[in-house]
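Chain IDs A, B, C, D, E and F follow the sequence of writing; residue 1 opens each chain.
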Amino acid sequence: MKRLDLIFSERELDAILEALEAAEVPGYTVMKHATGKGPQTICSEDMEFTGLGTNAHVIVFCDIELIEKIRENIRSILNYYGGVAYISEAIEM
Amino acid sequence: MKRLDLIFSERELDAILEALEAAEVPGYTVMKHATGKGPQTICSEDMEFTGLGTNAHVIVFCDIELIEKIRENIRSILNYYGGVAYISEAIEM
Amino acid sequence: MKRLDLIFSERELDAILEALEAAEVPGYTVMKHATGKGPQTICSEDMEFTGLGTNAHVIVFCDIELIEKIRENIRSILNYYGGVAYISEAIEM
Amino acid sequence: MSHDLILQNILTPPVLFFFLGTLAVFFRSDLEIPAPLPKLFSLYLLLAIGFKGGIELQKSGFGGQVLPTVLAAIAMSLLIPLICFVILRLKLDVFNAAAIAAAYGSISAVTFITAESFLASQEIPFDGFMVAALALMESPAIIVGLLLVKLGAPKNRPNGRVMKWRSILHESMLNGSVYLLLGSLLIGFLTASNNPIGVEKMNPFTDKLFYGAECFFLLDMGIVAAQRLPGLKKAGSFLILFAILIPLLNAFIGIFVAQLLSLNQGNALLFAVLCASASYLAVPAAMRMTVPEAKASYYISTTLGLTFPFNIVIGIPIYMGLVNKFIPSIG
Amino acid sequence: MSHDLILQNILTPPVLFFFLGTLAVFFRSDLEIPAPLPKLFSLYLLLAIGFKGGIELQKSGFGGQVLPTVLAAIAMSLLIPLICFVILRLKLDVFNAAAIAAAYGSISAVTFITAESFLASQEIPFDGFMVAALALMESPAIIVGLLLVKLGAPKNRPNGRVMKWRSILHESMLNGSVYLLLGSLLIGFLTASNNPIGVEKMNPFTDKLFYGAECFFLLDMGIVAAQRLPGLKKAGSFLILFAILIPLLNAFIGIFVAQLLSLNQGNALLFAVLCASASYLAVPAAMRMTVPEAKASYYISTTLGLTFPFNIVIGIPIYMGLVNKFIPSIG
Amino acid sequence: MSHDLILQNILTPPVLFFFLGTLAVFFRSDLEIPAPLPKLFSLYLLLAIGFKGGIELQKSGFGGQVLPTVLAAIAMSLLIPLICFVILRLKLDVFNAAAIAAAYGSISAVTFITAESFLASQEIPFDGFMVAALALMESPAIIVGLLLVKLGAPKNRPNGRVMKWRSILHESMLNGSVYLLLGSLLIGFLTASNNPIGVEKMNPFTDKLFYGAECFFLLDMGIVAAQRLPGLKKAGSFLILFAILIPLLNAFIGIFVAQLLSLNQGNALLFAVLCASASYLAVPAAMRMTVPEAKASYYISTTLGLTFPFNIVIGIPIYMGLVNKFIPSIG
């Protein structure tokens, strides 16, 4: 089993979740209100009321095949709008 | 060292934390207000005010022996109410 | 690539982020409002309004060399004020 | 005539703000009221409704129509779930049928206050003690729902799940919104009896601010209700029909009972609305805890996605039309 | 004389609370207004501004100065972005220039209400229909900004990014804050026409509470603006100068137009403030979605970190000084 | 007679809502006021207390009893921590003793306003300038606490931890709640001097709404205080006794000083309450930063879990009984 961590602006949340649902991942978890810093951009808490939106952290536990299926779609969103995606190992308890 | 990620409805938080404390884990971290989707159920943000409750994400760093100790207890809660539990490797910094 | 998870009181957030920026990590993500329990202390939600502050969960994806660079600095803060730091493996998607 | 009333109802600020929220979802606006702000408003409204109701109850005492009305309301919250359960069992299993039945036996405080605002804008008088009826209709409906599960559930429910009286009472009386409403009612009552200065000093918060806060909350309810609509499709046409026809049936029964009780027009409308409305706060939370087998999406989409908007927008004026027909006007 | 006005302006509660917030950052106090509380206040203010404006608009009707003023305001929100774009293109690429230009063509509701408070404390009358002008200046500026991108952007923009009319209209009309403001305006209008009791019952929430909520929000704005200052340094001296001089220029044009329209002193000040202020709510959100190539830190630090405080603290009294000079007093 | 006062105190809305919160925890209701709503109310209360205090201070000026009273209050906030420290050192180390001592030298704004509400419901007059005393008692107590650590701490404290004057002053004056309270006091003062219209326009927010918001906040405080009780058990019987007896002692000293200052009954009660109450906002935050060696659970459970409820429920009427005995009534 794999664990996929996606972090990106909540403005792209709908697009990312659509991609996940299209690939029929078994489930996902979304944590909003994350802030942070990337190579170019800063995301701070006051972006919440200005409407710019803070980051969302999405976790997906799924098989590697599913990750291959969504890779291209997700990468193209993240490359355009910013955000990171990392994969690690996980075993169901 | 292992890292245990538990995601489930905050309604079961007390029961899960009791299980953790009974096993004397060295510590845990709770992040509330997570939303998401599982095989059957959807957890959305408006469940916060209807009293249904959103999800909690609990992280525990501990030894594998402790995980064995709590496995059965935790699994029985998650099987009944829903939720996921995954284990991965972690090294103290 | 490594994934570094830091969990500590948000009161120390500025100091930790300074340490990360000084080491020029490529980025980081901060999730506030985490609660939890450590070997000695409890962090509960009502610490938010009493001004004591809840925990922050910081995630950094970076190379192992960078982690070596910040290790000492971060450890000294966590040792004094409390908090945990764990490293795991991660691969860019 | 009902047409006229519907239009007049739609042109009040609470209903207009509800529409504004609904349309935001249809037009895909990014208008959003982030958590926990809706919780703030729902806590505020419960506290204010309870407190004001307590004051009114102290003023009116328990004589006259008060006790019969409150008892009749409790009876309705015991009876309605039974009717609903029988109907729902045609298509659903025990768990889902009981959970939805409990929701329809219970009440929606926001529907109630929208009805009060409607009466105020029509300048039709009503009595404050009706809030006591409201406050006392939640627990019985939950108890009936849980009893139906206890009696009807298959024998192979896991052990930990065998319903205990203790937890039935706990969920029905100590659920957060029931507790706050009943507690505030009691505090309002005690304050009115002992501390008139306190009543006056609470007034700007619990009374003057109320209407605006109601509008703000209805804006959010509009958003939430509209987001619930897709969930309704999955629930199927049986539940969709149920969510619209049952309020009408229950309102009809309510007006019949109101006539027996010789309530005036204002109180009769409120009584009908209590019967017709369904709970999306207290009951879902209680059911989630005690009957996890029931699908939350069923009892939330029907009550919040359909019955609530239906009542707010056209139910209330329709019931008013019926009240006008069956209940003699005093003036 | 302007000196006097500046001092009088600084000694009003909204500006004092703004300073309190700013100083908290400079002194490194840990005073903090956590999310989503600022959102609560900004939603509240937009709802209240819109609702009150709708009532006033219904009172005044569309005759007299109303229509010309509103049309002139819309014209300004089309013209100002063009002027700004030409200036900004001296140093910035199309994306950044267009995004900042749109922000300055649009308005800041909080600057507007601070100007209203200033007029109230100076006991200078003004008209409620100016809110209609405010509400109608956001969308056109966004449209111009997006058109500038559509026309000026390099041909190699990725396919998915080719701007469509549909999304231009969507972002300009259905952005959360624009939508709430326009919607509340409409609701205020409809309520005032049909439901005078509703107007009165909203009053404690939308009117009485307003000034205090404004102060609370300005406390937070002081904190946020001060936190934005370091970001300005990175933006460079060109943008810093722009953020201070352009409001002056726009206010000047605004007063000139106000004179042509024969607005009274109060309305002329508000018109100037609409021209001089820049949006940090609706426009940034729209630009973030449609022009991700523009740096958010540019259009946020200039509008929020510099233009907003400048207008709040010294801009308004300076414009008042100009109005006093160029617009005849009625009394 | 004290019995009577206790009952009258318990039957005011703030205390009743406090009980409602406490009982919610005892009965295991799921009533919850999620973060950051309690923060919203605490920020609001500090802002409103400060602003109203500033207005009153401007009205009263610094003549008459004002200056002596404020100076005496500051003196008390220097003296009380010393007394407490000596007692606490019997059982605790320097860090914990100093942190708790500072908390008891400082004040609880909510206890203060509950005392004001109590006086209002008893129709006993008191003066607005007492808020100035309240605002000025927080910093000195923090300074004394940190000095005690500086002087008493073992020599082997890590280097980074050697207390610097700079950080002592920073934590004592710029702590978020101290800063907001003092800042709002100053703004109220300046507004009252320069902008009477501003005072009036703030009134619905800072004054009219206050009592209701206080009740809402006390509901949450009831929940929080009750959740703190288990933590008290761990703290041990010494700290439990301390948390109940020390307020009595301090109130006694306070009434003695009030007599020397010839304060009237109302002001004397408030003075006693300032001495008796302990800080759970400013001081804990400051101690957490500068004295991490002290256990937060100690200074939070004592102040919030025991002293606060004690003062709110029975302390205030007991002190009123003492005031009645020792301070001559004017009427």
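To be clear about the criterion, a residue touches a chain if its C-beta (ideal position, glycine included) is under 8 Å from a C-beta of that chain, and two chains touch if they have at least 3 such contacts.
Treat the numbers as computed from the prediction; the structure is a model and nothing was measured.
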Of C-F and D-E, whichever chain pair has more C-beta contact pairs: D-E
Label of the chain whose CA centroid is most distant from the centroid of chain A: F
Centroid spacing, where centroids are CA-atom means, of chain C and chain D in whole angstrom: 46
Length of the line joining the C-alpha centres of chain B and chain D, rounded to whole Å: 34
Chain C and chain E, separation of their C-alpha mean positions in angstrom: 39
Shared-contact residues (touching 2 or more other chains) in chain A: 31, 33, 48, 51, 88-89
Multi-chain contact residues (two or more partners), chain E: 30, 34-36, 39-40, 175-176, 204, 208-209, 285
Every chain pair meeting the contact rule: A-B, A-C, A-E, B-C, B-D, C-F, D-E, D-F, E-F
Of chain B, residues touching chain C in the complex: 1, 3, 21, 26-33, 59, 61, 88-93
Footprint of chain D on chain B - complex, ascending: 9, 11, 33, 41-42, 44-54, 80-82
Residues of chain C touching chain B in the complex: 4-5, 7, 31, 33-39, 55, 57, 67, 71, 74-75, 84-89
Touching residues (chain side chain F, partner chain D) in the complex: 8, 11-13, 16-17, 20, 23-24, 27-37, 40, 117, 120-121, 123, 204, 208-209, 211-213, 215-216, 219
Complex interface listing, chain F residues touching chain C: 34-36, 38-39, 42, 158, 160-161, 175-177, 224, 227, 280-282, 284-285, 288-289, 292, 296-297, 300, 304
